[in-house]
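Heads up, there are several structures right after this.
In what follows, chain A forms one complex with chain B and a second complex with chain C.
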Partner chain A sequence: MKVKNFLLPQFKDKFENFLFIVPAVAIFSVFYIYPFFDIFRLSLHEWNGISPYREFVGLANFKELMQDKVWWDSIRNAGFITLVALTFQNALALALALACDREIRLKRFYRVVFFIPPVLSEIVVGLIWQWILYAGKQNGEYIGLLNYFLYKSGLPHLVNNWLSNPDTVLACIAIVHSWKGFGWGFIMLLAGLQTIDRQLYEAAKVDGAGSWNIFRNVTMPMMLPVIVVVMILTILGSMQVFVLILSMVGQGLVYHTEVPVTRILLSMTGTNQFGYACAQGVVFGMLLVAVSFALKKLSNKMKQES
Partner chain B sequence: MAFNMHSYQITGVIKSIVIHAFCMAVALTCLFPLFWIVRSALMTNETIFIDKSLIPADLHFDNFQIAWTAGNFGMYFFNSVFYTVSVVLGIVVVSSLAAYAFSRLNFPGKNFFFYIFVAAMMIPLPGAFVPLYSLMVKLGLVNTRIGYILCMINVGLSLSILLLKTFFDKMPQDLENAARIDGCSKLGIWWHVALPLAQPAIAVIVIFNSLNVWNEYILAMLLLNEKTLMPLQRGLMVFQGSHSVDYPFLMAGLTIAAAPIIIIYLFMQKHIIKAYQPELW
Partner chain C sequence: MKKFSVVVLCAFLFFGCAQKKQDENKIVIWHWMTDRQKAFEVLAEKYKEQTGITVVFELYALSDIYSQKIIAAAQAKVLPDIFGILDKKSIIASFIESGFVVDLSEEFHKDNNAWLNDLFPKALAVNQFEEGNPYNIKAGIYGVPIDVTNIQMLYNRKLLKKAGIDAPPNTMEEFFKATDALNRIGIPGLVSGWGELWMVDCFASNYAFNIMGEEKIMDTFRGKFPYTDPDWIKVFTVFKDLKEKNALAEGIVTKSNKFAEQDFALERAAFAFNGSWCVNVYHEMNPNLDYGAMLPPSVNADLPMKIWGGAGSSFVVNAGSAVQDKSIAFLKWLTAKDQQVFLAETTKNLPSNKQALASIPPVLADFAKAMDNTTHRMIWALNEDPLVVDVFDRGLQAIMIGEKTPEEVAQEVQQVKERQMEKSKR
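This part shows the complex of A and B:
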C-alpha cells in the first residue's frame, strides 16, 4: 500500500510528461519511420504497388540495378549538375560574399536581391527560364528572349534550341539550378565571414600580407567549417534535383536529362516496379550518405593539420 | 606621401567600381526575369510571341482576372494558403510540445526519442516517397487534404523540434518556476509562458516551413490528383501541361505563385535572411 502511494504519483508525472511528445512521435512513426524501414523491405521484393501479393527476390533488384546503364547515366547527369553547383555556384556565392563583407553602399540592397531566387519555388524558376530560353520562332522573330537577344546583337550563330538540344540542355539546367542556389550560399558564407574577427585582418596587414595572402592564410582557414557545410548541402540538394528539370523540360528529352529521382519516379509510377524503385532509393541514399560523410571526415582531417 | 595617398584612393575607387559593377550585373539577372514574367502576363496570345518591347503598348490587366477564375489559379491559390496555414500551425503546436518536453521535462526514453528526430535529419532518403505513397494508398489518404497536410507536418518536424529545443535550453527558467509555484499546470506553462517567450524561434520555424510548404511539389504531385485539391505549384504544372498553353495566362499564374512570396519576403527580409544563417558553426 505504501509502495503504491509512493510510486503512483511519480509514474503519473512521467506519463504526463511523455504525453507532450506523443503527437510528434505518432506523426513521425507513421510518415517517416515506417517508410524508412519499409523501403529496405520493399527493395528485396518484386511488387507492382497494387497487388496484395509481393514476391521476395532477395538482392535481385540490386543486381539488376548494377547493370542498369540508364541508372548510372542518371547519376552521372546529377553529378554534372552538382559539379557545376559546387564550382560555378559556390565560387559566385563566395565572390559576392567577399564583395559584400565590407562597408560598401547598397550592401543591404544586394543582400535582399540575391536572396530572391532561393525563396522562389523550383516550378516557378523552371517555368520562368523555360520561357526565356524558348527556342521557337514566329513571323521570323525568335520567341524566347535569349535567342532574340543573341540574334539582335549580331550573334546569330549562338542561337540555339537550348532545352531541346542534347548538348546544351543539361548545362542550361545546371546554370538555372545555380542561379536559384547561389543566393543561399552567399547568405551562408557572408554570415561565416562576418564572424571573423577584424583584428586578424589588421594584424595580417601590419605584418605586410597582401590581399591574396590574407585570403589564403586568414579567411580560408577560418571559413573552412562553413565552406564544408555549404558544400555538403550543395551536394545533397543538387544530386536530388528533379522538380526544376520537370518544369524546364518535362519528360521531353528522355535520357539526356534523367537524374536519379526521375528514374525512381519512373520505376514507381511509369512501370509499376515498386521494389525496383525502392532499391534505387536505397542505393542513392547510401551514396549520398557516403559522400557527405567522406567530405566531413576530410574537413576534420584538414582542420587537424592546420 | 601625398601622392601615395592619392593613388591609394584611386585604386580604392576603381576597386569599388569593379565590385559594384559585378554585384549590379548579378542583381540584374535576379530581377529582370521577374520583370519579364509580369510584363509577359499583360500581353495577348497574339502579341506575346512577337512584341519584345520592355513595356508593351496596351497592357491587359484583365489577364490576371481570367487566369484567377477561368485558369483556376484562384482555387489553387486558396488551396496553397490553406495547406500552408494548416501545416505551419500543426508544426508549431506539435514541435513546440515535443521540444518543450525534451528540454524541460523528464520521462523514460527521452534521449532515445530525441536522437531519433536528430538522426532523421542527418540521413537523406531520397526514395522514401515510394513506400510513403503506398502507405498513403493503404490508409486511404491519397487525394485528401488531411493526408497531404500530415505528410507535410512530418517533413518539417525534425528541424523545428531541434531548433526549438536548442532555444528552450538557453531560455531562463525563472518565469516557468514562478508559474509552477502559482499552481499552473505543465500544459498551462507551455502555453502561457514557454510559447510566448519562444517567439523568435517560432518566427524562424514559421518562415522556414511556410516557404517549404508553399513551394513543395513532389508530394503534391504524388498525393493530389484532383484539381480542386491542388496547390499552386501543382496547378501551374497542370496548366502548363495542357495541350494548347495560353502563355499570357501561364505567366499570370506564375506571377500569382511568386508574388505573395516575394512581397512577404520583402517585408520580412531581415528575419528571413537571419533564419537561413543558422549558427551551425
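This part shows the complex of A and C:
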C-alpha cells in the first residue's frame, strides 16, 4: 500500500510530463524517423512512385549505383562547389568577420549588408545571376552585365558564354553559391570572435606579439570549434546545392552541372525510378555523415594538439 | 492546472488529427497554368452564379513542381477533385491502375456522343487508351482537354525583312541562308528554351519523323534499329549543322523557355521554337511584335514534317473525390463553346471545342492550320525508356556545344538503350 501510494503519484507525474513531449516526438517520428527507415526499405525495391506494385530487388539498385559513372561525376561536381565554398566563401566570411570585429565606422551597416545574400531566395538569386552572366547581344551591345562591363573595360577577350561553356559553368555556379552563402559563415564567425576574451589580445600585445602572431596563436585556436562547425555546415549545405543550379542553367549543361540532388530528382520525376532514387539518397546521406564524422574527429585531434 | 493542461493537450491532438469533412458544394482544382489563373477565377465566379457550386482553382507553377506535387499528393492520397497529370503515358497508366482517375468514356458517349463530338479528336486522342495498349489499361477516355496546342517555329517578320528575307524558310537549306543573312547584320537566328530538355527532345523528334518516319522510330524504341543507324546520325547531325552554321542564339543550351520567350518577344532573335501558348506570352511582353508561325524547315522532302501537338492541357477527375459527378459536370461546362471562346479570347490559347475556333486571333489561326501535322508521344504506340531519352537529350546538348560528335552521341545512347533493354528482360 505504501509502495503503491509512492509509485502512483510518481508515475502520474512522469506520464503527465511525457504527454507534453508527445507532440514533438510524434512530429519528429513522422517527418524524420519514419521517412528515414522507409527510404531504406524503398531502396530495396523497384517502384515508379505511383503504381500499387513494388518489386523487391534487394541490393540491385545499390549495385547499379556503384557502376553509375554520371552519379560519381555528380558527386565530384558537388565536391568542387564545396571546395570553392570551403576556401573562397569561408575565407571571405572570416576576413569580413575579422574586419567587422574591430571598431570601424558603419560596422552595423556592414553586418546587415553582408547578411542580405543568404536571406534572398535561391531562385531569385539564380535568375538575377543568369541575367548578369547572359551571353547574348542586342543591337550590337552585350545584354549581360558581366560581358557588357568586360567589353566596355577593354577586355573583350574575356567575354564568354559563361553558362553554356563547359569550362566555366560549374565555376560560375560555385562562385554564385559562395556569394550567396558567405553571410551565414560571416555571422557565425563574427559571433565566435566576439566571445574571445579581449584580455587575451591585450596580454598578447603586452608580450610583444604582432597582428599575425595574435591571429595565429590567440584567434585561431579560440575560433577552432566555430570554424569546424562552419566547415561542417558549409559541406552539408554545398553538397546539397541544386535550387541555384535549376534556376541558373535549367536542367543543366550536359552532365557538367549535375550534382547528387539533381540526379536524385531525375531518378524520381524524370525516369520514375523511386527505388533507385532512394538508393542514391541513402548512399549520399551516408557519405555526408562520414564526412561530418571525419571532420569532427579531425577537429577533436587539433583541439587536443593545441 | 497540470491536469487541465493535459486535457487540453489531448483534445488538441485528437481534433488536430481528425479529418475535415469535404464541402459537397465545392470543387478544388489544382493546375499549373500561370497565364490562365485570372480567367479561371472569372469562370469560377460565373459557374457559382449559375449553379451555386464553388470552384477553387489553386495554381502551382512551374509545371515540374506541379508534377512532383501531384505524385506526392497521390502517394498521400490527398489529390484534389480535379487535377492534371503532366507525365509520360506510363505514369498516367499508373495513376489509372492505382484507382486515382475516373474513366470518362461513358460520359463522353452519353446523348449520342454529344460531348465527344464537340472536341477535337486529336485533343481527345492524347487522353485515350486504345484497345490492346501496352499499359494494360482498359480502353477509354480518361482526361478532358481544355485546349489544344502545337509546337512550331515562329519568325519575326520585321527582322527577316531587315535581313532581306521576304518569306519564312521551308527547307533547312533556306533556313541556313536566312540565319546567315541575319548573322551578317548582328541578329541571332533561333532561340528556344533548350535548357528544358523536353523542348530539345521535341525538336529532335520533329526531325526524326521527317528523316525516317514513325514506323522506324517506334521500331527503334522496340530495339529493332540501333541509335547508330545512319538515319539517327542524320537526326544528330541536324544539331551539329545548327551549331556550325551559327544558326543558334547564344546560350540556347541552358536557356529556360521563359527567357527564350523574352528574347523572341524583345526581338533579340529572329526565330523561336515554342508552343501556341506563346501567343498570350508574347502579347503581354510586346503587343507590337509582328510574327508568324511556320513548320520547322524540313531536311527530307519525301516525308512530312511532324510537330508535337494535340491536347495542350487536360484535366482528370479524382476517382476518390466526394464530388465526382459535380466535377465531371464542371468540366463539361468548361469545355462548352461559351467558356472555350472566353478562354481563347482572354488567354489566346487554341480552344479544344471545335465551335470556338472562329473567335481566335490571326496568329493563333496560323497554329491551328498545322494541327493536321501534329503527333504526340502520348498517342505513339510506345515511348522510349526515360533514361535513354535523358542521355539522348544531353547528347544533343553536347553536340551543340561542340563537345561530342553525332557518332559519339549515337554510340552512348545505344549503349544505354542496350543496358535498359537487358534490365527490362530481367
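Just so we're on the same page, the second predicted complex is superposed on the first by the 274 of 306 C-alpha atoms of A that agree within 3 Å, B and C clash if a C-alpha of one lies under 4 Å from a C-alpha of the other, contacts with A are read in each partner's own complex, and residues count from 1 in each chain.
Everything below uses one rule, namely that contacts are C-beta pairs under 8 Å (C-beta built on N, C-alpha and C of every residue); 3 or more make two chains touch, one makes a residue touch a chain.
Everything numeric here is computed off the predicted structure, so don't read it as measured data.
Do chain B and chain C fit side by side on chain A after the overlay, or clash?
Superposition result for chain B and chain C: clash.
Based on the superposed arrangement, let me know which partner A:169 touches: chain B (first), chain C (second), both, or neither?
After superposition on chain A, A:169 lies in contact with chain C alone.
Classify the contacts of A:271 with the two partner chains as first (chain B alone), second (chain C alone), both, or neither.
In the superposition, A:271 touches chain C alone.
Output check: A:66 vs chain B and chain C. Expected answer is one of first, second, both, neither. What do you get?
In the superposed model, A:66 contacts neither chain B nor chain C.
Contact-wise, after the overlay, does A:124 reach chain B, chain C, both or neither (first, second, both, neither)?
first
Is A:255 touching anything from chain B or chain C once the two structures are fitted on A? First, second, both or neither.
second
Have a look at where A:288 lands relative to chain B and chain C in the superposition and call it first, second, both or neither.
So A:288 only meets chain B here.
Can A:161 be said to touch chain B (first), chain C (second), both, or neither?
The second partner, chain C, only.
With both structures superposed, pick whichever of chain B and chain C touches the larger number of chain A residues.
B
With both complexes overlaid on chain A, does A:8 touch chain B (first), chain C (second), both or neither?
neither
After superposition on the shared chain, which partner residues are touched by A:138: those of chain B (first), chain C (second), both, or neither?
It touches chain B and chain C both.
Could you tell me which stretches of chain A are touched by chain B in one complex and by chain C in the other?
Touching chain B in the first complex and chain C in the second, residues 16, 20, 23, 49, 136, 138-139, 143, 250, 268-269 of chain A appear in both lists.
Can you list the residues on chain A that touch chain C in the complex?
Residue positions touching the partner: 16, 19-20, 22-23, 26, 48-52, 130, 134-140, 143, 161, 163-166, 169, 248-255, 266, 268-273.
Could you pull out which chain C residues touch chain A in their complex?
Going by the criterion above, the answer is residues 2-3, 5-6, 9-10, 13, 64, 67-68, 71, 74-75, 87-88, 90-91, 94-95, 97-98, 100, 186, 188, 193, 195-197, 249-256, 259, 263, 266-268, 385-387, 390, 394, 397-398, 401, 403.
Can you list the residues on chain A that touch chain B in the complex?
14-18, 20-21, 23-25, 27-28, 30-36, 38-39, 42, 49, 92, 95-96, 99-100, 104-106, 109-124, 127-129, 131-132, 136, 138-139, 141, 143, 145, 148, 179, 183-184, 187-188, 190-192, 195, 225-226, 229, 236, 240, 242-243, 246-247, 250, 260-261, 264, 268-269, 274, 277-278, 280-282, 284-285, 288-289, 292
Of all residues in chain B, which touch chain A in the complex?
Residues 16, 19-20, 22-23, 26-27, 29-31, 33-34, 36-37, 40, 49-50, 52, 93-95, 97-98, 100-102, 105-109, 113, 116-117, 120, 123-135, 137, 150-151, 153-154, 157-158, 161, 186, 190, 211, 214-215, 217-218, 222, 233, 236-237, 240-241, 247, 250-251, 254, 257-258, 261-262, 265-266, 269, 272-273, 276-277, 280-281.
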